[in-house]
C-alpha cells in the first residue's frame, strides 16, 4: 500500500496528534466521557423502544419526551438501591470487578475517530475529533477490551455463587475465543490499509472504497464475533437469564450492577464504532451525501458516524428481539471450527492477492473470482455435518433397586423388578397375605353391598 | 466466650463455601485426570426460585463443569393438601378447588370432577351442555398450549414469541371471560351441566376469535420453527423413548411426541369427542422423534386441531335448538356409595380423579392423578449427561405446571 | 532525571513488587491477579521504551488471554478459595531456581545489549518520498527485525508452540480415553 503523497486538508494523519495543549486534551476527554454516558442512556431507551415495537408493545413513553428520560430515572433508582455484598464474597475483588469492567470500556474510546480536524468554536485552535491516535490503534482497542473480561471473570468468581461462577466460566472462554476471530478479521483490513492506526484506516478508505466491499467475509466474521465479544443475544451465554439467572452479575446490586450495565452498553457502542471505522469508512459521509463537498468538513461527520453506530446498534437489538440463545458448545464450535478457519484461509487468500497486485501481475477480477470460489467451498464445508461420535455403550442392566435414589422410581427398560421379599413367617405365608387383603377391603365391600 | 467459636466456624465456612467449592465442599466427588488434574463436582440448585422453573420446582443438579452428573427433582414446595381438602368440601365446592392445581387448564380440571360425580349419580347431561363443554375444553387447550409456545422460546433466550402467543391468548381469553366471568379459574362447570347458558351473540364472537387466532398462528410458526438456532437447540435434544414413557406413565403431548399414541379423547371418549372423531375433525397428533422439537411441534399441531374442533363445536351449537344446559340438583348433593375413576385428556396429559364415596355429601376420598407429576418424574433420566443449557431446553419442553406437580 | 525515567523506575518497582506478591500470596487466584499487575507493568515499561506494538501485544496476549485462561483453569479445578493449595515445601528450591534464572538472564541481557543506544529523535531513513517517519518500536520495524535478524528464533518458537499444541491435544485425548475405560470397567463390575 502506498501512502498518499498529499494529505487532504481535513484529513488527520498521525502527525496531527500529540500537539494539543493541556486543556484541549482535557476537554476532549471529558466530551468523550459525556458522549458515552449520554449515548448509553439513549441506547437503553432505544433498545427498549425498538424491542417493544417488535413485540407489539409501546415501551417506555412516559418520562420526558418519547420516554427519553426513562433510562435516567432507572439509573437514579438503581443508584438508590441497597448495595449488597454477599457474605461469602471475596470483598476486594468483588468491589474492584465492576470498575475493571467499566474503565476499559471508556478508555477504548481514546482512539476512536469521530471526525476530521476541526476548529474549536470561539478559538482558532484546530484539533482532530479524536482524543489521540496510535500507530497500533486497533491493537490498543483489542488489548483494552480484553482487560474488560477481567471484570466479568472476577465478578463471577468473587460473588461466591454457583450461578455467577458458571457465568464467568462461560464468559471467559467465550470472550477469548471470539477475540481470536475478531483479531483475525482485522488482519485483512490492516493489509489493505497498510496501517493499524484508526485515523489511517479512515483515510485509506477515503482513497479507496469502503473496506466492506472488498473485504466482505472479514466484515461478516467481525459482525458475528462482535456480538460474541459483547455478550449480547444470541450469544449472551454468560448472563443467560433462563439458565444462570443473571450469570456473572447475579449477586450484584445498586451502582455496581449499574456499572456492569454501563460497561455492556459502552462495549456495544465500541464494537459498533470499530465496525464503522474499519469497514464503513469511519466518519466519512455515505455515498449520496458525500457528493456534497461540505459533508466531510466541520462537525457534520460526527452525525454520519453516530448514524453508522446506530445502524449497528439497531442490528444488535434486532438480533436480540429475534433469536434464541445458542448453546455453549454450539457457540464455541461456531467460533473455533467455522469463524477462525474461514478467517485464516481468507487472510491467506487476501495476502496472495495483495502480493500479486503489488507485483503487478494478474488482473484483479480473476483473482477475486478464484478467491470467491475458495471461500464458497470453505463455507460449504463448514455446513457438512460432522461425524457423530460413537454412541456410548448402554449401561448394563444391573440389579434394580427402586429406592436407590431416595424416592421410588420404576424399572428402566432392561431392568426388572426384583422378586418380592416374603417377610412373614414361613408357616403363615399361605394364608396371611390373603386375609390381610380381605381385612383391608372388607369395609368397602360391605358398604357397597349395603348400598 | 460464645462469640469465638461462632466466628471461627463462620471463617471455616467461608473457606469452604466460596467459589466452586460452594455446596461441593465435602461432596467428595472428584473426576478428571488423576489427583493433580482433579476437578470438583459442584452442586447447583435450580429453583425453587429460578426463572426456568415457572414457580417452585427445585432441581438439585450435580455438575461436572457444565455437564449434569445427577439430577434430583425436589417437589412439594407448593403442596396444598388438596386431596385432603376435597374430603371436607361438598361436591359443589370441590370444583373450585379442583380447577386450581393446573392453573393453565382450569376447565379441563373441573370437567374431571363433575364427570366423576355425574357418573356416580348416573346423571344424564343435556346435549347442549355437552357441546359447550367440549368447545370450552378445546379453547382451554388452545390457551394452555399457547402459553407454553410462548414461554418455551423464552427459556431458550428468544424474548419475542411470548408476546405473539399472548396476543392470541388474549383473543381467546376474552371470549372465555365473557362466558364465565373468569380469566383463569372459570368455575363454569356444575354437576349435571354448566353454570348458565351462553350470552347472546357469543357464538359469533367466538367464531371470529378462533378465525383470528388461526390466521395469525403462522406468525408464531415462522418466528420460532424456521429458526436455525431454535432447531439446533431442540432437535435431537432430550429424546424420550416410548419405553421410558411407559415406565414413568408420561402422557399427553409429551408422550405423543415420542410416538406413544394415547389420547383419551379417542381411546376413552367422553363429551362429544366420539362424534367429532367420526367426523374426522378431531385428529390425534403424534410425532416419532421424541425430542424437544417434536414435543413443541405436537403442541403447535394440537392448537390447530383444537381450533378446528372448536369450529366444529360452534357450528353444532348453532344448529342445536335452545334447551337446558344443566340439571336441577337437590339441595344437598350426595353421591351414592361406591367408587369411580374419571380421567380426561387434559392439555398436559391424563388427568384422573378417583372418587370414593360413602354416601355422604363429601367424598370419602378423592384421589387426584395429575399429568405434570408423572411428566416431571422422568426428568432425571433425560437430564443426566446433558449440559446446563440443555437442561433448560428439556425442562421447558416437559410442559409442566408446578401446582399440577405438587397438588 | 527525565520524567520518562521516573515513570520507568516506578513501573519497574511495581513489576518487581507485584512479582514478589505473585509468589508469596497464599491465595491462588490472588496470585494470578498479581501476575496481571506484573505483566501490565511490564507492558508499561515497553511503552516508556517506545515499543508500542510490543506493549499492546503484551497486554493483549498475556493480560487478556494467558492469565484469563489461567483463571479459567483455576476456577474449573479445585476450590479456588482454599488457601492450602498454593503452599509448597519446595520454597528454597524454587527460590534458588528463580534467582539463578534471573542471574543468567540479567548477565545475558546486559552483556548482549550493553552500550547500544537507540536514538529516538532522529528519523533514520525515509522509505520513498512521502513515507511516514519510521519509528523505533512500531509495527514495521518490529516486523522487519523478526523476519530478518531473528527469523531463526522466530521459526524455532513457532515449532515449539506447534509441538505444545499437539502435546496438549494428545494429553487431553489420553485422559478422555482413560476415563472411558474406567467408566466401562466401573460399570461392568
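Should a chain be cited, it is by its letter among A, B and C, assigned in written order, with residues numbered from 1 in that chain.
The criterion applied here is as follows: a contact is a pair of C-beta atoms (placed from the backbone, for glycine too) under 8 Å apart; a residue touches a chain by one contact, two chains touch by 3 or more.
Owing to the predicted nature of the structure, the values given are computational and were not obtained by experimental measurement.
J.: Select, from all pairs of chains, the pair with the highest number of C-beta pairs in contact.
T.: A-B
J.: Starting from the Cα centroid of chain B, hunt down the chain whose centroid lies farthest away.
T.: Of all chains, C has its centre farthest from that of chain B.
J.: State, to the nearest whole Å, the distance from the C-alpha centre of chain A to the C-alpha centre of chain C.
T.: Each chain's C-alpha centroid was found; their separation is 27 Å.
J.: Quick one: report the Å distance separating chain A from chain B, using the average Cα coordinate of each chain.
T.: So the centre of chain A lies 36 Å away from the centre of chain B.
J.: With centres defined as the mean C-alpha position, give me the chain B-chain C separation in Å.
T.: 57
J.: Among all residues of chain A, which ones touch two or more of the remaining chains?
T.: Each of 90, 157, 160, 165, 169 in chain A touches at least two other chains.
J.: Mark out which residues of chain C touch at least two other chains, giving numbers and ranges.
T.: In chain C, 75-76, 80-81 touch at least two other chains.
J.: By the touch rule stated above, which residues of chain B touch at least two different other chains?
T.: 14, 18-20, 65, in rising order.
J.: Considering the complex alone, what residue numbers of chain A touch chain B?
T.: Checking each residue of chain A against chain B gives 51, 54-57, 87-90, 157, 160-163, 165-166, 169-170, 233-234, 236-237, 240-245, 320-330, 405-406, 409-413, 444, 447-448, 450-451.
J.: Looking at the complex, which residues from chain B come into contact with chain A?
T.: Per the stated touch rule, the residues are 14, 17-20, 22-23, 42-45, 50-52, 63, 65-66, 72, 153-160, 163-164, 167, 223, 227, 229-230, 232-233, 241, 243-244, 247-249, 336-339, 356, 358-359, 377, 380-381, 387-393, 396.
J.: With touch defined as at the start, can you tell me which chain C residues reach chain A in the complex?
T.: 29-30, 33, 36, 52-53, 56-57, 59-60, 63-65, 68-69, 71-72, 75-76, 80-81, 128-132, 135, 138-139, 184, 187-188
J.: Going by the contact rule at the top, pick out the chain A residues touching chain C in the complex.
T.: Residue list for chain A touching chain C: 2-5, 13-15, 90, 93, 134-136, 139-140, 142-144, 146-147, 149-150, 153-154, 157, 160, 165, 168-169, 172-173, 175-176, 179, 183, 196, 393, 395-396.
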